[in-house]
Each structure stands twice: as C-alpha cells, then as structure tokens.
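In what comes next, chain A is part of two complexes: it sits with chain B in the first one and with chain C in the second one.
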Partner chain A sequence: MSSEQQPSSAGSAAPRQEMLGAENYVQLVDIRKEYDGFVAVDEVNLAIRKGEIFALLGASGCGKSTLLRVLAGFEQPTRGEVKVDGQRMNGQPPYRRPINMMFQSYALFPHMSVEQNVAFGLKQDGMPAAQIKQKVDEMLGLVQMGAYAKRRPHQLSGGQQQRVALARSLAKGPKLLLLDEPMGALDKKLRSQMQLELVNIIERLGVTCAMVTHDQEEAMTMAHRIAIMDAGKIRQVGTPDEIYEQPNSRFTAGFIGQVNLFEGKIEDDEKDYISIRSPDLPAPLYVGHGVTGYEGMEVALAVRPEKILISKDEPEQPHNKAQGVIEEIAYLGSHSVYHVRLPSGKRVLANMTNVRRWASESFTWNDQAWLSWGDQSGVVLTS
Partner chain B sequence: MNAVIGWLRQRLPGPRWLVIGVPFLWMLLFFAVPFAIALKISFSQALIAMPPYSPIVEWNDTALTLKLSFNNYLYLIRDNVYVSAYLSSLGIAVVSTAICLLIGYPMAYAIARMSPANRNICLMLVILPSWTSFLIRIYAWVGILKNNGLINNMLMGIGLIDEPLQILHTPLAVYVGIVYAYLPFMILPLYANLVKLDHRLLEAAYDLGAKPWQAFIKITLPLSRAGIIAGSMLVLIPVVGEFVIPEMLGGPDTLMIGKVLWGEFFNNRDWPVASAVAIVMLALLLIPIMIFHHHQSKELESKLS
Partner chain C sequence: MSKGNSKLSLTLLAIGFVFLYAPILSLIIYSFNESRLVTVWAGFSLKWYGELFADSQIMSAAWVSIQIAFMTASLAVVLGTMAGLVMTRMRRFPGKTLFGGLITAPLVMPEVIIGLSILLLFVSLGDVIGIGSRRGMTTILIAHVTFCMAYVTVVVSSRLSEMDRSLEEAAMDLGANRVKVFFVITLPIIAPALISGWLLAFTLSLDDLVIASFVSGPSSTTLPMKVFSSVRLGVSPKINALATLMILVVSIGAVVAWWLMSRDEKRRQRDMQMALQKGD
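Moving on, here comes the complex of A and B:
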C-alpha cells in the first residue's frame, strides 16, 4: 500500500462532507451479535449521515460482514437497535426493509437476463410493466449496460456483472445501499477504475451507502467516513485523513498505512508542548502541542514514514532526530523506502519522494544517514 | 523391428480408444444386438416350431426373399387391449412420477439444506433399502398390505375398522409399490442439483423484496429444473415397462404393458407379438428420452458458451 496516495485521496473526500444531510439517518445502537457464545459484534454504536458513503474496514473475522448482514436483515442482533430514517428495523425481514445490497460475488440470477435481474425487485413491488421497463432502461443506462439487456449473467465479464448487480440493487431506490466487498471479485486494474465510477453513480443518486471491505485503499478512495473494526468492536470512526493523520490508538495507526512507533515516557508535560524520552532514540522526542497526560506516563509517538526526512548531514534541530545505518532500500519509482537501523536496534522506515531524476542514487546500502522530523509530524498515542 | 512396433502402435487401439470402446462395446452387446433381434422377430410370423417364429430372410433356389410381416403391429392397433395397456401404463407412470416428485422434492430439499454430517446419514437412509433385493422388498409389501397383513391388523386392533380393507390387488397397492421402489431415483438427482444451489441467490431475492415462498417459486424451482427432469425421466421410463410390481401387488384389472408382454411371451408363446409390444414400448419411451437429452445438451451448451 503506498502511503503517498492516501493523504491526497483523503483530501478529496473532505469537501464532499458538506453535501451531506441528516446526521443520524442510519443508526446502530448498542448492537451485539452472538453465535453460540462467540461474540461477533460487540456494543457497536454508529450513525451514518444521509447521502454518505460509509466504510466498515477490518481484517476478515472482525465482524464487519456480520454488521452488514444485521443491517440487511439476514441476521437479527442479539441486542441493540437498528434504525433507518427514524424507522426501527429490528424484527423486520429483509424483504420488508428499504435496504438493498450488492453482494460480494454479485449473486445475479443465472436463469434470468440482465433486464430480468434488474426488474426482479420492481416486480416484487407490483410495479406496472410499462413503468418497470422504463425504470430498468434508466438503471441500465446509468451503469452503461443498456446494450447488454438481453444477455445472461454468464455471458458478461466480471466488471459488467458488477454493473448489473449495482443497477439491480439501486433499482428500487433504497434508503440504504449495502456493498459487500464491492471490488472483491475484480482484478486490480479494473478495481481502481470501478471504485471511482461506483462513487460517481452513488453520489449522483444521493443514496446513502454502507460498504464492507478489507482493502484500506478501497475504503479510503470510496468512503466519506471509515469505521475501523477489530474483534467485533469499532476502534475508530473518522474521515480517511483523520484516520490516517490522527489515529487514536497503536492499533489503528498500525492498521492503516505504515508507521514508526517510538515507545517512551512523558518527561516534560507542558501546556503547549511535551517531550518524551524513548529508549529507542538518543535525542528526546519533542511534540509541539499539549496532551492530556502526566509526567512519567507511558505513551507512543507515531510518525509516518513520509514525514521522516532522510539526510546526509546532521539536522540543526536539537530533538526528533537520530542517526542510523541504511539496511534496506525499496525503490518504488515515485518514491523510495529506506529501512534505517538505529544504534538502539530500532528499525525506522523513511520515505523519500524521488523529486529529481536519479535522486535515489544519493544513498546506498550501509550508508550512515540522519533521520529527522518536525514537532507536529508525530501523533502521541496513549492506548 | 522398430518398424513393426511403430506399425503396431499405429494400428492397435490406444488407451483412449479403450476408454471409449468399453462402454461402446457394452451398448452394442447388451442393447443394439438384442434390440436388433427383437426387431427382427417382431416382423416375423408365429409358428409352432423351434424357434417359434418364421425366418424373415429366406433363400429359395435362386431367389433371396425378405419377408417383413406387419401383422403383429396391425394386431396391436386392432385389438384395443394393447392400446389401453399402453395408455394405462403411461398413465400409471405419469401419476406415480408426479407423486414421486411431490414426495421427493421436499425430501431432497431438506437433505440438501442439512449439515454435512446429517446429510450423509439421510442419503444413506435413502439408498439403504436398495441393498436388499428388489423382489424381496416388493414381496414385503404384500405382507404389509394384505387382508391379514400389518396395516389391516393394526387398524382392526385399534378398532377403527371391523372388516379388513382390500388394499392388495388394487391400483392403490400398485402406486404404493411403484412410489416406494422408485423414490430414490427421484431424490438422488434432485438432491445433486439442489445441493449446488447458491444460498446467496435466495438472500438476493429476499433482499429485493421476495418473501421466502416467492423466492422458492422464482429462484429455487427454475434453477432445479434440470434435476426435476432427470429425476422424472429416471422414474417414468422404467415404470412404463414395470412388470414385477403390478404382477405382485396389482389385481387382474391393473393393465400394464409389462404384464401383457409377459403374457404374450410365456403364456401365448407368441414371440413375434411380444417383440412388437416391446418395440412399440421402446418407441414410446424414446420421445421422453429425446426431450430429456435435448434439454441436457441445451443446458450444457449454455454453460459452455
């Protein structure tokens, strides 16, 4: 995962926030789901805004899919409440919910044509045939599949199947659209193209959307807000840039992108700065803002590799620096990743963007190099 | 020397031909040849001789004469006992196939939805009876259905009836026997089909507003069509020619073509008419077989394209 891309895509998501409406359009209150004593989802509280694309991100088995199935109505929560647009959803079977889902492997009906697949939900609602025809044409036009209306699903490519699945789940105009691993069945190149297209279609219709994914790049590209899940619990909710730049724990800092964690104790706790003494580094760590803590408190400073500057000469600043030996270099074209071993044995990652051609040639293996970062570059983590 | 081996290699059938050749030879020996013999006999005339029919090809002095007698076929049409036997056989076969489908579909569906461990036990229970001889199993039904048999004794024992019910030697007994004997042939192909059904398709249907019964009608049923057709053919085709069950459980008024054939062959010793009866039965069955085959190849085609 390239860490360069993430802040930029996160930045693009921020302005979208302003278009969003009602704060608590979809609400999950104290949701808990147990299977024979195993707790899959634990005390989850979430509020999704109207028109928002909300991603549940986590490793497999973290409970994100269970949560999605609770929303869809395939699972009933052991405890807690699900509300959509003020309506209580508990006890409602999936076929009575104003919620539609795009399934992971699309689950298109193999014995029906593209057209019939999209019309299925409308027929269930008892819509008159002429209206169904019009709606199906509109939906297939939206996903640019109008020319394939008579085909069967098995005659379509993976990307085309996904478009049909999207049209089918949008046809009924759901209050909430659920996407289960939307790009899971696509190859990498098609994935990035479809991610943006999917977002465009969803935003054009203004439909509220909850998606589940294990791919952080996908979550950051597509979602307005992300919830990081682990072991059935939500660890952090925020916009992609908040999650990346202001993780609230060692777990989320490590889960999204790459990070250097310097463990240490608060040495100096002032109103507008703190300093941390870490056994990993000879120089003290200096953070240019206050934190709610106390002297001697055990904390970690998280610094992303792209915020660490690598240089030949010793930087002038008295803190936030260390000298080490370059052990590994990963040249990735747009940037290089340097693995630097400090005298304490700590290994630190530092990225250097290759702004000049052949810039990577200035360092080689076993070179001594200085690492340094600004006093606003790190995040102090207490949990 | 090498040239000889090379020559042999080219001329002798390779392992690929062996694989294809064995079933081919089987079909030839046990289907094509007997069929040809029966076809030949059906065009000859009955004689009191050994064998009891006239030859159709004869060499008289200088002329080779081929004498095809259509008498036997005309006889089948003229005497309406044969026509009604065919119709009643087909009727019994269609009705019992429908009953097998009605009973077998829910059973196959339930087995396909079970946990794998329970599934194997239930499949075993479906197959287990066929480990006993077919004849013995049908004979056991005589003991169950007869006037002082299991059912009548039980019903009289609990005082529901005073006189035994006549079940054995009625059409009901024939249906009971046929459905019992052929149910596994319906369940197994249906099970094989239903177990492959992707549960997510049903979830997608619910999600789009279909109630469970609507999802069953619109998704499960059409997707299991191949299993329904396979199971129905496996029951329908052998039941049309069934002899043992109507003979043992049916009465004198149960008219089935298998019984007629037996009568022609063993009681009347009229081999040509018996052969004609068999050939017409085969021709009748060919129609459903061809429908089945046509459907299967269409299914295969749509999967490959």
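Moving on, here comes the complex of A and C:
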C-alpha cells in the first residue's frame, strides 16, 4: 500500500483527484433487480473509479440499499453484470468476494471481544495467528481503539462501535468497501465529526468505497461523486458541486438543497444567450449562454435562493428581476431566508448572508422588496 | 396510594399464595410424618425418605425417566432448532404457513390424542415392517420428542427472529460460509434459548404421564407412571417424600438460573455505565 505514506486531508480537493485511478474499477452494467414483480433497481449503469468515495443518495425505497446488497452479494441481480477490478462477481457468494461492508447497525458480534471481531475476517482466510495479532493491532491503532481491544461491543459507545466496525471491514484490505448509512445510528453532533474522520481513514488507505445514504449533507461532505437515485433509476451522477450547481432535471434540482423554478417558454434562442418568458415574472428571464433547444420550447429556469439578491431599490438590469412582498422571514443566524410573494402569486425564496451584525433588520414582514439575479446564476432545465 | 389500599392488596396477595402453595406445603410437611397414615400427624421422622431410597421399583422408574428426559431434551433441541431455522431463515415457500401451523399444533392438541395416535402408528408400523412392535424406552422417547420439539421450536424461533440478521450477513461478508456462520455466530447467540428449550423439554418429558402410558412397554415404567399406579393402591408417605425431593431439585434449579441471570444483568448494567462515563 503505497498510498499509506501519502499525507492527505479530507478538506482539500487537489490530492483527491490525484489519488483516483482506473476509471472502471467497479462496474455495474445494466443492473436490474425484481422482487415478485416489483422492480427495485432498473437498468443501472455505474462506474466507480479506484480510490474514489462514491455515494448513492436517495429517499428510502429508491433502490439504493438493494444496489449495495447486490454489490455485497446478498442479492443476485435479475439481470446485468457486476465487475470489480475486471473480475465478474455474478454468482459469487458474499464470502468469496473481495468486498467488505460496514453495516448500519454495525453488526458487531456480541459474544466476541473487539479484538476477536476485527480478527474474524482474517481468521476465515487462514492467516497465521501471529500475523493476525499484528494486523488487528494495526487496524485498531488506525481507528484509535487500541485501548479497547479486550472490551465487548456492548461496553462501547455508539461512536466507538462504529470505529470497531470500520476496522473490521477494513482489516481484510477489501478492493471495495461498502458503507450502509454509516452515520445512521449516531447523534447529530458526533455525525459531522465522524464523517470527516471516516473520509480521512478511507483516503489514507486508498480503499475504493461505495456508500448509501439518505442524508444529502452527509453525501456532499464525504463523497467524491454522488449518484442520485429515484424509483430504482439513477437520475444524475456527478461531483457534489456539479450536482448542486448543474442539476440535469427538475427532480435533482429540487432534491438537493432548495431551488426556485420558473417555468416558461424560450422566446429568443441565440448562440450566446436565450431569453425565456415566464408567466410568473413581469420581466423576461435572460440566460447568458446558449442551450440546445428551440424557440417556444417549454423549459424551467432553476435559481438557488443564495443567488438571488434582495434589495429595497429597483435594480438597473432590465432582466431577471421582480418585485414582491415579504411574507415570511426565517432568521438562521448566519443567513436569513426570505419568502417573497410576487404579484403573479409565485413564491420565491431568497437568502441573505448576514455579513453585518443586525443586517437582517433592514427588511421586515410585508415590506416591498426587489429580487434580482445575474445572467449566469440560473440553470435551464429541459427535463 | 392510601394505606387501606395497600392493606387490601396484601390480603389479596396472601390469599393467592395460600391458594397456590397450601397443597404443596401440606405435602412437604406430611413427608416428615412418622405415621403410615398420610393425614394423621404422629411426629417428625425421616423414615419415608429411607424407604423411598430402598424401594428399587421407584428408583429404577426414576432412572428410566431421567434417561428418557435427557435424550428427549437433547433430540428435541436439535430438531426444534432445525425447524426454527426453516421457519425464520428460509424465504417464502409454498406451504410455509401450513408447516408453521403443523409444527405448533402439538402445543394445543390433547395429550390423549397424541398418545393414542402415536400408539396406533407404532402398532401399524409393527405390522408392516416390524419396527415399534416392541414397546419400551425407545417408543416413549420417540413420542416425547414429537411433542417436546414443538415447544423447543417456539422458543428457538422467537429468539432467531429477534436476532439481528445483519450479524449473520456480516460474518458471511467477512468470509465465513453458511455452515460456519451457523456454528460460530448464530449458535452462540441463540445459546440461551437452546438452554431454556432444553430445560423445558426435560421437564415436560419428566412430567408426562398420559403419552408415556400409551406407548410404554412392560420393561419401561416411568416415574409418573409408577407414582400414579402406586397411589391407586393406596397413598404411601413415600410418595410425599419423593414429591418433596422433586420440588427441592426444581427449586434449586430455578434459584440457580435466576441467580445466573441477575448476575449477568448486573454486570451488563455496570459495563454500560462504565462505557457511558468514559464517553467517546
């Protein structure tokens, strides 16, 4: 493991990209899974790079857990192919796959000590006892649980159990590590701390990792790339910022974060700009780049609340603006969210970062306010 | 809560206890009676205990019962665990509900019917292939396993369905095949249920009179059968002594089991507190 010496930090993006290797290290080809006529996973194609942390994100029942269980080998796909490092996994039982999983409940064996839990997988491989001892010590050191080796799982706190579960699933040096709702059993405060720690450990070992979560914040914090799933299908794959800033459909735009959608028709379709006429807004919408579309095409413009500027005076720009009445204010400390009702009845969310103390006091309920945004702030959605 | 209320509940409690334990208490007291007459007190004596141990018929019946109960319990645990695994671990198959119903049916079926049907089976089997025509310990054993297994299955499958499935999956994920997972993970975790299932089957078999009377042979008289037949010839204080000894053994067993359990629970609570104090 040469990547072990490399210092890495979870925060910066640059070393992440360098670490990523082979494009198609883990491949899911046209996977379909049916249960008694119910389609849980439908024509899923995915490629995970070597050393990447990949998150499957979706609401419960979207098929993400089924997909993870297909990878682990607990479920056989109805159709399609699973490949890891060029090897076909179909038909292989879980105990013959170079894949290990950290379960949501951690699934630590209650009748074994921490040490025995971590040693379990190594023992199955027939590793000599002296070597097992060394490897277990190394893994427990990695997750800072060396002092608890003789404890039983029920003598540990939730965070400590998670560390042991991680050590156990990493001990065999799997080609692919699966994390099933890794923070699901932890309280909120511990969560954000463990998220970064987990990423640090996984990146230090350079292990490829696929995780399942329903928590978008968790996926965005931990994963290099995210796949958004809905009703058994993958809707979009991309880095966290791509998914947030360049959603490919109304569904993903609405699924991640908050968004204002202005429905309308393309009025003017040029090479370097388009304008959209929306019944929601009096002024035309102006987008400073061309799109593949035609005049009269039904589209939606998605604008995130933090990209909308709220002001007392009318902005000078002729496009992308509207006046309305402030209906609700949510003061969140770092920023405030304003719910503004336009004359057309459309409700628009606008965020304002509270850069000065008491900045939020400049607007109050029932004030008239102007909303505006730049010509690169919105994303044109055609589906 | 007022004082009068607590007085009332104490009275009710006392009535309940008297109702439950007065017969047993009088049985124990009269086992130390000097007199041959069970109902007339003539002073303290241990002579009936001496006579009990000198009675070779009762002693051999007791030995037969213990042997049968031991083997019944062991076999019923093996078969019951297998049935429990099928009920909880196998995916749906045609007739699973029927199978589940059939397995637990002996719990509610009258013993007379179980005994009679098994006897008829042995008789016809004896006619056809010659097995079961000679009735004795083996036939009692088979009959006892049949109905004890149902109890074990209920106890074991409730523990199995309570158990976190991901424990087995985790073991498989770490490289253990299905057989190994069962022996290294599942079995140790459900062990308490196996022990209580074994004890339950042991007591049921030791206690059974009706089924055993149907399927026993001339050479195999169990303790309940012996007690029942000797009582019909007239109650001897020996039987009181025997019953007292049995109560003693059962009580010791219960107290030991309770002590083990509470010690375990206390240790667990202490460990939990320790973990909480150390924090994360």
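In this text, the second predicted complex is superposed on the first by the 367 of 383 C-alpha atoms of A that agree within 3 Å, B and C clash if a C-alpha of one lies under 4 Å from a C-alpha of the other, contacts with A are read in each partner's own complex, and residues count from 1 in each chain.
The criterion applied here is as follows: a contact is a pair of C-beta atoms (placed from the backbone, for glycine too) under 8 Å apart; a residue touches a chain by one contact, two chains touch by 3 or more.
Predicted model, so just to flag it, every value in this text is computed and none were measured.
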Give one word, clash or fit, describing how chain B and chain C relate on chain A after superposing. clash
Which holds for A:103: it touches chain B only (first), chain C only (second), both, or neither? both
Considering only touches as defined above, state whether A:190 meets chain B (first), chain C (second), both or neither. second
State whether A:159 touches chain B only (first), chain C only (second), both chains, or neither. second
Contact-wise, after the overlay, does A:221 reach chain B, chain C, both or neither (first, second, both, neither)? neither
Share the list of chain A residues that count as touching for chain B in one structure and for chain C in the other. 72-74, 93-95, 99-101, 103, 105, 107, 109-111, 120-121, 124-125, 152, 154-155, 168-169, 172
Chain B residues touching chain A - in the complex, by the definition given at the top: 198, 200-201, 203-211, 214, 218-219, 222-223, 302-303, 305
Sites on chain A touched by chain B in the complex: 72-74, 93-95, 99-101, 103, 105, 107-111, 120-121, 124-125, 152, 154-155, 168-169, 172
Touch list for chain A against partner chain C, complex: 72-74, 93-95, 99-101, 103-105, 107, 109-111, 120-121, 124-125, 152, 154-160, 168-169, 172, 190
Complex contact set, residues of chain C against chain A: 164, 166-167, 169-177, 180, 185, 188-189, 268, 271-272, 274-276, 278-280
